[in-house]
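Next come two complexes built around chain A: one with chain B, the other with chain C.
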Partner chain A sequence: MQTTKTAPESTAPDLPAAPAVSLATRLRRALRGAPLPAVAFLALVLGVALLADLIVPHDPLTGDLRAYSLPPAWKAGGSVSYFLGTDLLGRDILSRIIMGARISLIVAAASIALGGVLGTVLGLLAGHFGGWIDEVIMRLVDTQLSLPSLLVALVALVVFGSSFTVLVILIGVWLWPNYARIVRGETLRIRRYDYISLARIAGCSTWRILFVHELPGIYNTLIVMATLQAGWVILLEGSLSYLGVGVPPPTPSWGSMIAEGRGDLASAWWISMFPGLAMLATVLSLNLLGDWLRRTLDPKQVNQ
Partner chain B sequence: MNAHGPSPSPHPSARRSEAPLLEVRDLTVEFKTRHGEVRALDRVSFDLRAGETLGIVGESGSGKSVTARSIMRLLPRNARVTGGEIRYDGRDLLTLSDREFRGIRGKAISMVLQDPLTSLNPVFRIGWQVGEAVTIQQGLRGAARDARSVDLLRGVNIPAPEIRLHNYPHEMSGGMRQRVVSATALAGNPRILICDEPTTALDATIQAQFLNLLRGLQEAYGLAIIFITHDFSVVAEMCDRVAVMYSGQIRERGDVFEIFDHPAHPYTRALLASVPKLGETERLTTIPGQPPSSANKLPGCAFAPRCPIADSVCHASEPPDMALRDDHTSLCWRAQ
Partner chain C sequence: MVVVKRLGSAFVTLLAISLVVFVLSRMSGDPRELMLSEYATAEDYELLNERLGLDKPYYAQYGVFLADAVRGDLGESIQARQPVLTLILQRLPGTLELAGSAFVAIILASVLLGVATAVWRDTWVETAGNIVAVVGQSVPAFWLGIVLVYVFALTLGWLPMAGRGGWLYLVLPTLTIAANSLAALTRLLSSAMTEAMDAEYVKFANVKSVPPWRVTMVHCLKNAILTPFTYAGIILGQLLTGSIIVETVFGWPGIGLLALQAVQTRDYPLLQGVVLVFAIIYVGIALLVDVAYAYLDPRIRH
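Let's turn to the complex of A and B:
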């Protein structure tokens, strides 16, 4: 190896070797400025949803008719065993909320995954290729955004029958235009950067450019968007279940639980109230987390 | 691959061989804009011979980068090559399919882009980006790829390349990043390297080092270089031959000494007069007026409105390409 020495360029001084950092420290750094109550609550919901089978105090599906419409434990006539009370069929509210958390999260995750992947791929194609591909995809987006979504969803669920799969597909298809729009805009920006030209010079195929070089620049936007939409999807699933076309009974869902209690709000308010609070807190936490992620992951704001 | 550092070399014209490696003939490029079709390149022709350095000089918007990007097929979406030929190795590159062209881009002809700060993908480490080019261009994987990446980085004088592989672009200086870009561009062992204002974004001292490096690489790889710049002093330092562009046309081309000693086109003379010279205390000469907007073309020579010696013929009809001394042509009615 023959190397002719040249005047050394003033390089950036080597960064000092990073001191060994414990996991706890790294976690604390990553979460700096995060809305901790929201994060903690979401962690709780996630944990409860994962372990639902193991931690429910009672069977969430079959009730004990002798204990129907019991008030929460701290009210007169309440029982510690049914901490948040029971519904009209004697089913434990707490157990059903725990099961409902699992349903809500699965619906949210599955439909966002479906809509996100669909919208991201179509948005990438539209932004990268432009021309008629862009026209077709964006007109599809416009068409879908101009439909009265809730009505269409109601009709579709009545026609196809409400099942978990139909619900997920429907919400997923509902979500993709938002992703397609955002991703298209980001792709239009990224594809003009010189590093995309350099990737071409390096020999990358069009598909490689799209999915290996352009897509990673959009991840942050996607993460923020998915978080903010998770709350919205939980609300939407709640609305559909409330209207009776969501997750089919007897599977508990927060929306259907609220619906079940609406006739007895005066006498047994806890049947609707606690699932409503669970939904409120979860959606609020997701929105807080999403806002924080947006602030944190946006490179323009990081530099300030 | 031996890494050759740059060393002072005799003027490269000694290496010049006569058969052109790349022939560009009447290359015409149009942009679709809101104001209709705009001609960005108008019948651009030049040759590039093996091992030589051709400078393309001109002010912003004169079509230098469009020339480079149309050779590399990296034009923006609204641009279209509407005429001409780009011949390499006996083939017209414009007739190749995109798939066939990928056998040319990076392998036969490669390019270093203008801005090192945006030329590297911020989300990947240096080693990943260079390694990707090595894998695609040479089919190397694993340890062989890493070894080749280190060689490439060492070849562009990056100190401690084994460590630098693990850096992200933002951890490196502009000059270092431009070297990484060069290493990536050279991964396919190209015969032609197009440099689109590679030093414009760099400090003066770093610029000189990079030019040195480029000369060393030319020697080591036997590269023919198309060097695009707006800086005549860089041309003098780097190039064997030079083409001066103005409003999408090559106005004058020829041997670099010939152009410096006997500039025939008034635009070239004006450009040379506006280069600062050491020891002179007079104010710099500027060229009056603005470059023409290619959207509303007037009849006649495009430079005529700013030309000190334009006469009625110049304003009335476009000048022909006048052959002057050997290999020296000028697009001007009044070329002498």
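Let's turn to the complex of A and C:
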């Protein structure tokens, strides 16, 4: 019934003369049943985001006004040079999508790191100590979860002005209660195990028990949560950018690109269409990967 | 007892929201600069200072703000020069209409999908249902709205592009807002149904030769529907916040669009009022769902 943390290899008999398992085989075993198209697509997005400024075919920020509103290459009047067409300022859509991937991933990674660390530490404290510490932290969690977050975020972004930093802090603060709640639940379960009592008898300090003995027990849960939330954060950043309070222009963001094309849907549908497809494919891949990880690592309590 | 405790925590939440809103709006700078023209004299500033109570200390200002809000006075919009409450009440029916139709659509679709994927487990039906759910969860709502407009309004010309009118105007916004919330409810219902169908009373009903559709749709569904019920509150909350985005895409005259206009024009009194009204609805729904749940499930009442 308990979640086992053992790797698949440990089921093999531990003989000293066991043949060395090649890296490729190990990788294949680890990925058994994984949604491979999703993994491949995410690898592509990650690679593109990392190399963005080396591989963009055109400058994503300044356009060529002579080439404004060009359709994608396969439509009449399209140009192979601007494969997915150009927007009203003559900027290359493909280049902007590539730069937008970088923005989306950085916002997602940074805010999940912030919210994840904050939530995990507070969740550990609440679960381990209980009592008034638990009461205070959980009351905070409940209060924040019952706020209409998008509206509060809108107000905060208007007040502080939208910038990359404000956006990341805001989303991070938005995310922490989810982590705190689930980590607390897991900690309550783990702290009853014998190895925790043994660690205490052996004279481990409280901090050591918390971070060396209890925390590793919830890594799986955290990985699943972070993956599923990455998709959600990308959608959220997109929504805020779409509403005009996200990543400030001229930095290309998928959400603001979609907003830019809305007014000219009839004449230039490609301006909105392609960034949305990129977003859908990325979030879909993250959700498929997250679902697979949840089934594989089997933490019972994770759901949004 | 449960109800009293929940009422208390709902009250605390509302207080917390009002405090957040108050602090944020005071951090936004001097409201007088937005309200007065550039030709205003120092006396005008002084006069407004007194009228708005800005000369008082912050805690007193917060007290006045709270007392006014309780009496329904949310101040005056800077742009429209009308009471905030009037503006909100004008737009409220639009949002409620959209949220209501989306809620019905989500419940119907998720019961249909949830039951179908549970009954035809391990067949193409389950695969198809799962695909619909996961794609719905992954699609950016604002983009889906634009695609639907492009296909059904601009290209095919079947449905209107934007605005509020007859039921035809409701179709695209409802689909857009429902897509995101569908997945979670479908999954919950599907697993609850799967569990219910394995229960002893199902075998008993089968032995009694109750017709199979009746076993599924009455015996199982009745038991399965309680689990996702608490989620209905979350969905209603999502619908309200989702309305901001969907109303923007479809130019739907509701509170969401009002909120965005307040953001764009930096109309703080209006924004403040909209957030408070949203919060009251949000907290009220959560409260109702919890109380209803306690009523439906006697285990929680005690």
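FYI, the second predicted complex is superposed on the first by the 280 of 304 C-alpha atoms of A that agree within 3 Å, B and C clash if a C-alpha of one lies under 4 Å from a C-alpha of the other, contacts with A are read in each partner's own complex, and residues count from 1 in each chain.
Quick note on the criterion: a residue touches a chain if its C-beta (ideal position, glycine included) is under 8 Å from a C-beta of that chain, and two chains touch if they have at least 3 such contacts.
Just so we're clear, the structure is a prediction, and the values are computed from it rather than from any experiment.
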| item | value |
| --- | --- |
| Chain B versus chain C as contact partner of A:Ala202, first or second or both or neither | first |
| First, second, both or neither for A:Ala30, with chain B first and chain C second | neither |
| First, second, both or neither for A:Leu54, with chain B first and chain C second | neither |
| Touching partner for A:Leu265 - first (chain B), second (chain C), both, neither | second |
| Which of chain B and chain C A:Asp194 touches, first, second, both or neither | first |
| More chain A residues in contact [chain B versus chain C] | C |
| Partner chain(s) touched by A:Ala76 [first = chain B, second = chain C, both, neither] | neither |
| Touching partner for A:Pro216 - first (chain B), second (chain C), both, neither | first |
| In the complex with chain A, residue positions of chain B that touch it | 2-7, 72, 74, 76-77, 98, 102, 105-107, 110-111, 113-115, 118-124, 129, 132-133, 136-137, 154, 157, 159, 163, 171-173, 175-176, 181, 184-185, 187-188, 206, 209, 212-213, 216 |
| Of all residues in chain C, those that touch chain A in their complex | 9, 12-13, 16-17, 20-21, 24-25, 27-28, 134-135, 137-144, 146-147, 149-150, 154, 184, 237, 240-241, 244-245, 248-249, 259-260, 263-264, 266, 271-272, 274-275, 278-279, 282-283, 286 |
| Residue numbers on chain A that touch chain B, as the complex places them | 1-12, 14-15, 130-131, 192-195, 197-206, 213, 216-217 |
| Interfacial residue positions of chain A with respect to chain C in the complex | 142-143, 146-152, 154-156, 158-160, 231, 235, 238-239, 242-245, 254-255, 258-259, 261-262, 265-266, 269, 272-273, 275-276, 279-280, 283-284, 286-288, 291, 303-304 |
